Structures are given as C-alpha cells and as structure tokens.
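Paired with subunit B in one complex and with subunit C in the other, subunit A is shared by the two complexes that follow.
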Partner chain A sequence: MKRYDLIVVGAGPAGLSAAIEAARCGMKVAVFDENAKPGGQLFKQIHKFFGSKEHQAKIRGYKIGETLLAEADESGVEVFLNATVAGIYLDKEVLVQIGEAMTHFKADTIIIATGAAENMVTFDGWTLPGVIGAGAAQTMMNLYGIKPGQRVLMLGSGNVGLVVSFQLMQAGCEVVALVDAAPRIGGYGVHAAKIARSGVPFYLSHTITKADGTDCVTGVTIAEVDEAFTPIPGTEKHFDVDTICLAVGLSPMSQLLKMAGCNMVDDPRRGGQVPLVSENGQTSIPGLFAAGDVSGIEEASSAMIGGRMSGLAAAAYLGFLSEQDKDKRLADLEIALDSLHQGMFAPGSKGQAFAKTDEGIAVSQSLLKKGYLDDTDLERFFHRSDQTDKKSGIHPVIECTQNIPCNPCQDACTRGCIKIGKTITALPRIDAANSCTGCGLCIASCSGQAIFLVDEDYAPGYASITLPYEFLPLPQKGQLGTALSRSGQPLSTAEIIDVRSAKAFDHTTLVTIKVPVAQAMTARFFKPATHAAGQ
Partner chain B sequence: MNRINEHPILGEPEKGQLVSFYMDGKPMEGYAGEPIAVALKAAGVMTHRYTQKNHEPRGIFCAIGRCTDCVMIVDGVPNIRTCITPLVSGMQIQTQDGVTALEVSDETL
Partner chain C sequence: MKSINDRSQNIGSFVSQADDTIIICRCEEITKGEIRQAIHDGMFTVNEIRRYLRAGMGLCQGQTCGKLVKNLIARELCVIPDQLDPATSRSPMRPVEMKVLGNEEVTHV
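Right after this comes the complex of A and B.
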C-alpha cells in the first residue's frame, strides 16, 4: 500500500491550494481527482475575478487555474486523475478507483476538497433533453467550444446564473430571459447590469411551470409566483427556446466526510450537509480536514485561501511546520479571507436585504428587481458628498453601487482619480481634482464591467462614451449601430470612434462611441447595426 | 452551427483530429479526444437514451459525469457516460433504450 504524508481528495481550487502549501512545507502529497483534467471548475471561469491583488483580482479564472497547476507541479505534488475516491477508512486509509482497479492508499493526514454539486428544481418537462445545469453550459462552451443551445432561458439570478448568462452571450447564444422565484436578484448587481444593458429581461418572482417538447425542449412557460412561491394563474408567459439552464444553487459533496464519521451539521447558509470545522478546516477527526465548497458554498477565491489554510494546518499537525510559523502564516491568510467575507454578499448575510450601503446611500431597488440602475439612482450615487464629480472633459463614471469585496480599479488608476481605501468593500469614489487621461485601464480592470469613461465635450452637441466590450465580432472604427440604455432600450444611432485592445486589458476591448450629449449618462452599450450582441 | 469557431476570450477552441464515428449505424464526424456528447451535440443529436419504464428521452444534463442522464451504448458496452468519455475514431455509438440498444430500422439509416 502506497503511503503519503497527506492525501487530498479533489484537484479543484481548494484541493490544489492545500496540496501546494503542504508540499512546500516538505510533505509528500497525493491528490486524487475523478476528472480527466485537474483544476475543478476554474477552467470554466472565463470572467475576471473579484477581490484585491492578494486574491488575484481582475485575473480570469482559467488563468488562475493555470498558475495553480504550475505551482502544484513545481512543489512536487502528485496528481492522480480519473481517480475516484470511493471509500475512506480508519487511520487515514482511502480506497481509490483508478480505471478498472481499486487501490488502497494510506496517509497521516487527509484534506477533503470535493467541492459541490448543482441543485435542481423540478417542473413539468424538466427531464427533457435541452434542460441542463448551468455548470453543463459552462463545460460545453468554455471547455469544449460548443454552444449549449441557440436560444436559452436561465433560471436563477445568483452569481452563477448571471455569470453563465453573460458567458452564453459571449459564446454566441441568445439569452431570452433570466428568471428567479426570489423577489430580488441574488448575485452582484454589476453582473446583472451587464446582461440587462444588452437587452435581456429579468423576471423576478417568476418560476418555470412547464418545459414544452416531446423529444427535446422547444419552449418554456414561466409564471409569476405569490409570496408562498406558488404560480399565479393567468400570469403565464411563453418563450420559444431550445435550452433551459438551471442555476439554482449548489450543495456540498460531503459524503466522504460523513462516511469518515466527522460530526456533520445541516446548515442552509452553507448549502446543506457540512462538517463541523475549526477555522483552519479541521473536522471533528484529528488530522482530517475539509476545504472549499465541501465545507460551505462560497466561491473560488475563498476556496483557495481556505485550501491553503488547511494545507498549513495539516503540515503543522504532522510537525512539518512549527506552531509559531503556522500561526503567523494563518493570521495573514485569515486577514485575506476576512476581507472577502465583508459587504452585502458576505456568507453571513446570505439572503439579507440591505436598505443602505455602508456609505449610507439607499440601495437601488431597480438594480435588485430589473438588473439596472434607474435615473433616480444616478442622482444618489453619482452626486455623492464623499466624491467630486465632473461634467466636462474625459472622466470615469463608476456604476458600482453595492458593497462587494473588490478594488482593482483603485490600483489601475495611476492618476489617483479612483479611491476605495483600505476597506475593499467600500464604493469607489471619484477624486476629480486628479485629472483623468482616458487611458482606460480602470475599465479593463473592473471585473464587473461597471466603469465607463465619459466626455461631454467630445464635439459640439456630442459626447463620447468608452465602454467595455467582450463580444465578437469586434466593432470597427467608423461603424454605425445603436446606443442602448442601461435597460437595453435603443436610444439613438451611435458611431464607433475608437476601438482599443491591449495585452493589459486582457481580452476586454475598449469601445468608444459618439452619442448625442443628452445621452452621456444614459447610453451604456453598443449594438452593431446588423448583428445582435454576441452573435 | 453549434460549434464556436472563435470566442472573444478564449480565441479558437483547441481541437483534436477530425475522425468518423457511427451513431446508430449512421456515419458522423467529430474531433478525437472531445467527449462523445460534444461530438453528438455538434451533430444535432439531443436524445442519448430512453428510460426503461416510461420510454422518456434523456440527454446531456450535468456534462461532468455525475448525473448519468447521457449514458449510451459505446462499442457494445451500455451505460457509458458520454459526457466524460473521449471520442475515438470508428466508435460505434448507439442510443440506449433501457439497458439495451434502441432498435433502429434500416430505413432510417
């Protein structure tokens, strides 16, 4: 029987991070993953991550995955693929199915980082081919280069539903509607705004009542729900779609922990059956740790920190790391994790409605219900007492109105126009005393695509707006199209006056449009004359 | 029409060699190494199997080998998860009907 100091189950962000830290402390580490490729879901994450520099913010998920794999390789971690851990026994022995063979491995510590599985909802016709999980959509389009469908309806407005809807549009699919039974959009407002301004309608307090079709999905019916989430007769709406995508939450895959005899708890805020763990992921069984989504649903950035913490804790448990060094390094990681756990979307605030931001500004109800800021919101957020705003010359307009942990815009601006401060959940402020050069680095650095450069003095009667654009085909200078409002409504003819791509922008193209000056604060997207966005 | 030729973030998808395979006896093409389910999706195949009791169609659902909705008969072996099984040149894929192959009349070929 092969022996290791540490066995990690799951080669996703948490498992790999744990393995890397442990191996760097000198441990002999094996990682088992049931998939053919390591990296978990990171290679399907093509959006820029949130957080700050230490959390690898503004870097796309798949790039973070590539870094993790390189680090695992350098640190000497042994990764076994197509290796399903089928059993976990006393004294840290695991049974692994590799190919057709069952093999036993033994370690002195184990870290379970098996992640989570997608939740499902049932409705009439939900088993038809064409009803898929949001994860399936991501896998098909981002790993294998195939469209999940042509016309898609998304159920679920959490960050997964929002991010995958945008990715579907990037892949060239049409998203006909985003539906959620909850009365409010669950994910980040900035993610919702990206979808809303390209014209996708949001149906909150709605659910799917039926998927149509005999051999596969040909349509879908949704209906409004009452406070008890029961569909209200007479409110049905029908869409012709070939795909229905479900993004209705995740559940920890904690079966191995339960099998090992760890003390479990049913915690709805963490997504279901999770192990009781200390802050370093130590379960009720000494030397057995849990890291990442398996111990509570969050996102990849916190999973990586949690993984590193449990890797260090495992190293200290076996004496590969002194208690003193462990405490010092864990303290730093705790600070990094704590900064991600702040703001309106913190794990402890799940489902909570906030009336005001930390700055005391009433939150946008329109953003929560329809996915975009309305005109009354602009007054509150852009003419704030804590910032100086400008109405002439080129200047950034930051449509970031919720307290989320993210600050790359502050680092991107070399002129000091953008200020967030030490608390990374604070709303960015504009300091108009420092003049904007229009470099556009802030636009490309914003993971929420919420920054626009506006110049009301571009030409007599005309303003220019520079916006982030991540669709194909790229607009060309001189091209005409339609300027769309935040809600995706056509405003006027817009002309492309500049298109900028740069390595530093990392595939976010900066498109500058010329619009009538009256639309300087309303036009937020460009639709080419002959193509729909992303088609 | 289902294939993404160029992606705004990922560029051109990496593909293996173009190979032939058979779906219920009908020749089709796909890229070696990609999941069988992806090759079928590109060819417009939605139904992978029919359930045993109610003969209801099933297709791709989770695409990561977890749900077993997409299982088919591959080279004579039933219950193969097509979403995580790589395509190999010359593979014989059959729609699964319960636990056996769906009977396909010669006329449909």
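Right after this comes the complex of A and C.
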C-alpha cells in the first residue's frame, strides 16, 4: 500500500490548487482524477475570467489551467489520471481503480475536490438524442472541436447558460433562443448583453414543454409559466432546432464525503448535499477536507482560493506549516475570497432582486428581462452626477451596470480615464479630465465585453465605434456589414475602418466601425454582410 | 427522518398523470409513473425506490435522476425535498467491471 501525506481527489481548479499549496509546504501529495485530462472544467473555459489581479482576472480559463498544471509539476505533485476513486475507508484508506486493477493508497490527510454534476429537467422528449447538458456542449466544442448542433435552444440563463450560449455562437451554431422559467436573467448582465446584441431573444418565465422528434431532436416547444411555474395554455412557441442545451444548475458530487462518514447537510443554496465544514473546508472528520464545488456550488476563481486554503490547512494539520504561518497566509486568501463574495451575485444574495446599485442607481429591468440596456437606462447610467460627461473626441463608454466583483478595466487604462476605486464591485466611472488615446486596452481587458470606444467626431455626420469581437472569420478593413443595436436589431450599413489584434488583447479583436453619428450610442455590434466573409 | 417514517400515513391513492410515461431514470429506463406508483406502494425513501425499481442503480449511479426521484417522492408525500435523505453512498463509487474489481493489488507493508 502506497502512502502519501495528502491525497487529493479531483484535479480541477480546487484540487490542483490544494495540492500545489500542500506540496510547497513539503508534503508528499497524490492527486487522483477519473478523467483522461487534468484541469476539471478549466480547459473548457475559453472566456476571460472576472475578478481582480489576485483572482487572475481577464485571463482565459484554459490559460489558468495551464499555469496550475505547471505549478503542480514544479512543486512535485503526483497527478494520476484515469484514476477513479472507488471508495474511502477508515483511517483514510483510499481505493482507486487505475487501469485494470484496484489499488489501495493511504494518506494522513485527504482533500475531496470532486466538483459537481449538471442537473437535468424532464419534459416530453427529454431523453431524445440532441438534448444535452451545457457542460457536454462545452466539452464537445472546446475540448474536442465538435459542433454540438446547428440550431440550438438554451434552457437556463445563469452564467453557465449565458457563457455557453456565446461559445455556441463562437463555434458557428445558431442559438435560436435563451429560455428560463425564472422571471429574471440569473447570470451577469454583461454576459446576457453579448448574446442579446447578436440578435438572440430571451424568453423569461418560459419553460420547455416538449422536444419533438422520434430518433433525435427536430424541434422544441416552449410555453410561458405562471407564478407556480405551470405552463399557461395558449402561450406555446415552437422552434426548429436540432439541439436543446440544458443549463439548469449543478449538484455537488459529494458521495465520497458521505461514504467517508462526514456530517452532511442538504442545502439548496449550495446546490444540494454538501458536507458540514468549518473554516478552510475542514469536515467533521479531522484531517479530511472538502474544497471547491463539492462543498457548495460557486465558480472556478473561488474554488481555486478555497483549494489553496484547504491545502494550507492540511499542511498545518500535519505540522508542515506552523500555525503562525498558516494564519498569515490564510488571511490574504480570506481577503481575496471575501472580495469575490461581494455584490449582486454573491452566494448570499442568490435569487435576490436588487432595485438599486450600490451607487443608488435604479437597476436596468430591461437588462434583467431582455438582456440589454434600454434608452432610459442609458440616461441613468451614462449621465451620472459622479462622472463628467465627455462629448468630443474618442472616449470609452462602459456598459457595466451591475455590482460584480471585477476591476481589470481600471488597471488597463494607463491614462487614468477609468476609476473603480478600492471596492471591487463598484461600477466603473469615466474621468474625462484625463484624455483617452483610443489604445483599446480597456476593451480587451473587460471580461464582460462591455466597453466600447466611441468617437462622435470621426467624420462629418459619422461616428466611429470600436467594439470587442471574438468571432471568426475576422472582418477585414473596408468590409461592409450591418450595425446592430443592443437588442440585435439592424440599424444601418456599417463599414469596418479598423481591425486591431495584439498579444496584449489576448484573442479579443478590436473592430472599429463607421456609422451615422445618430447611432453612436445605439450601435453595439457588427454583423458581416452575407457572402462577404471568406468567399 | 420525521414524518416519512410513519408508514401508516395516508398519502391518497395513485392517480395517473398525463406525463407518467416520461422516463426519469435514463440508465434503467424507469418512468415517472412507475416511481409514483412505487411511492403509493409504500416506498418512501430514495433507497427503497432504488431497491424496488433499480432507479439510480445504472451506469450513472443516480447522478442524473437522484434529485428528480427525490423531488417526486417529496411531492407525493407533501414534504420539502431537503427532508429526504439521498441514496446511501457506498463503494464502488463508479461502476467497475467485476474482473477489475477482483483484480485487487494486495501489498503488505
């Protein structure tokens, strides 16, 4: 029987982070993961992460995964892949299926970081091929380069549903609608806005009533629901689709903890069965910890911090780290974790409807119901008393109207045009006293793709708008297309006057379009003319 | 545990519903109607449903239908789903072929 100081189950963001911290303290660490590749969900995350510098904000998820793997390697962590933990027994004995054999391992500490699994909802036809989880869609697209379908309907408007819908569009699928039984969009408004301005309609207070097809999905019917979530007859809408994507929440995969004998609790706010933990993920069994989604559904950034905390706690438990050093290092991590737990989408505020932002501005109801800011919202958010208006020359327009923990735009602007301040959830303010050079670093730094550079004085009668663009093929300078509004409505012919890519932009291309000056504050997306690109 | 252990309570008779033919457990192909009928036969816990119908005993080991079955039981018993215990977790946590399970590396230290 092989012995380790620490066994970590799960090589996702939480597990790897825990293993790295523990190994750096001098522990002999093994990580088991049932998958063929390490990283958990990180390598499917091709979007830029939110947060601040210490959370690796504006870095794409798969890059964070690469860094974690390199760190695990450097610190001497042994990662076993295709290694399925079959059971945990008394005195921290772990039974693992590796290849064609069952192998026993023993450790003095164990960290369970098994993550979560997707929830399903049932409706007529939900078992037809073509009904898939959003995670499955991501796996197909981002790990294996396979398009899940041609025409997709997404159920669920949380961040997973929103992010995966956008990625489906990036992969070349047509997303016909985003549906949620809740009356409000559950995820970040900036994620919703990216989808809305490409012309995808949102159907809130709607659910799927039927998937059509005999051998596979050929269509889907949705209907409006009443307050008891019962479909209202006569409100049915039909879409021809070949794929129905479900993003209706996650459940912790906590079975190993339950089997080990940890005290468990059923907590709907954390996603289901979770272990009762004290600080740093310590379960009711001394030396057995839980980190990441398995102890409550959150997201990768907080899972990585939680993992690091458990790793340090395990090291201190075995004496590899003095209590003093542990407390010192945990204090920094606690501050970082705490800042992620602020704002309108904090774990403690789940499902809560906010009427006003922290700044006292009424939130956009249109953003919550349709996915885009309407004209009255613009008035409130862009002509605030705490920021100076700027009308002449190029200037940033930041369409970030919810208090979310994110601040890379502040650091991106070398001229000091963008101010957030110490509170990471504060809305960015424009300081027009400083002049914008139009460098575009703010656009590329915004994980929510919510920053635009607008120049009303570009040419007589015309304005230029620089927008983030993450679709292929890239438009070419001189190309014509249609400018779309925030709701995805065609406005006018737009000409591409500049296309900028740079290493610092990290795959976000800055596309500048020329539109009639009246559309300077309404045009927010560019749709290439059909047959224009690549033909 | 509370009231669900009171097997004498009257939960009414089984009344079929329009969507009873919907499959809840995909692995073992158990329908909503079968599960609802089982509850009315006296199976008040997820574990009992597992043993009675094999719902949650297939390839995914209840990862997909566990919550769905729990919600069905809760609805029939008129309790909150959190009050019901999930199925027992035991080894092997994932399906393992018998020849692999029998191929145990035994080393004594």
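Note that in this section the second predicted complex is superposed on the first by the 530 of 535 C-alpha atoms of A that agree within 3 Å, B and C clash if a C-alpha of one lies under 4 Å from a C-alpha of the other, contacts with A are read in each partner's own complex, and residues count from 1 in each chain.
The rule is simple: a contact is a pair of C-beta atoms (placed from the backbone, for glycine too) under 8 Å apart; a residue touches a chain by one contact, two chains touch by 3 or more.
Owing to the predicted nature of the structure, the values given are computational and were not obtained by experimental measurement.
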{"item": "Fit-or-clash call for subunit B and subunit C when the two complexes are aligned on subunit A", "value": "fit"}
{"item": "Partner chain(s) touched by A:290 [first = subunit B, second = subunit C, both, neither]", "value": "neither"}
{"item": "Geometry of the superposed three-chain model: angle at subunit A (Cα centres of subunit B and subunit C, steps of 10 degrees)", "value": "60"}
{"item": "First, second, both or neither for A:147, with subunit B first and subunit C second", "value": "first"}
{"item": "First, second, both or neither for A:193, with subunit B first and subunit C second", "value": "neither"}
{"item": "Partner chain(s) touched by A:117 [first = subunit B, second = subunit C, both, neither]", "value": "both"}
{"item": "Contacts of A:1 with subunit B and subunit C, given as first, second, both or neither", "value": "second"}
{"item": "Which superposed partner A:272 touches (first subunit B, second subunit C, both, neither)", "value": "second"}
{"item": "Partner chain in contact with A:135 - subunit B first, subunit C second, else both or neither", "value": "first"}
{"item": "Which of subunit B and subunit C A:34 touches, first, second, both or neither", "value": "both"}
{"item": "Which superposed partner A:127 touches (first subunit B, second subunit C, both, neither)", "value": "both"}
{"item": "Smallest separation of CA atoms, subunit C relative to subunit B, angstrom", "value": "5"}
{"item": "Subunit B/subunit C common contact set on subunit A", "value": "34, 117, 127"}
{"item": "Subunit A-facing residues of subunit B, complex", "value": "1-4, 6-10, 13-15, 34-35, 38, 41-42, 46-48, 56-66, 69, 83-84, 86"}
{"item": "Residue ranges of subunit A in contact with subunit C within the complex", "value": "1, 3, 34, 84-87, 89, 95, 97, 100-104, 117, 119-120, 122-124, 126-127, 251, 253, 255-256, 258-259, 266-268, 272-273"}
{"item": "Subunit A to subunit B touching residues, read off their complex", "value": "34-36, 46, 60, 62, 117-118, 127-133, 135-136, 139-142, 144-147, 150, 170-172, 215-216, 470-472, 474, 507"}
{"item": "Residue ranges of subunit C in contact with subunit A within the complex", "value": "19, 22-24, 26, 32, 63-68, 81-82, 86, 89-94, 96, 99-101, 103-109"}
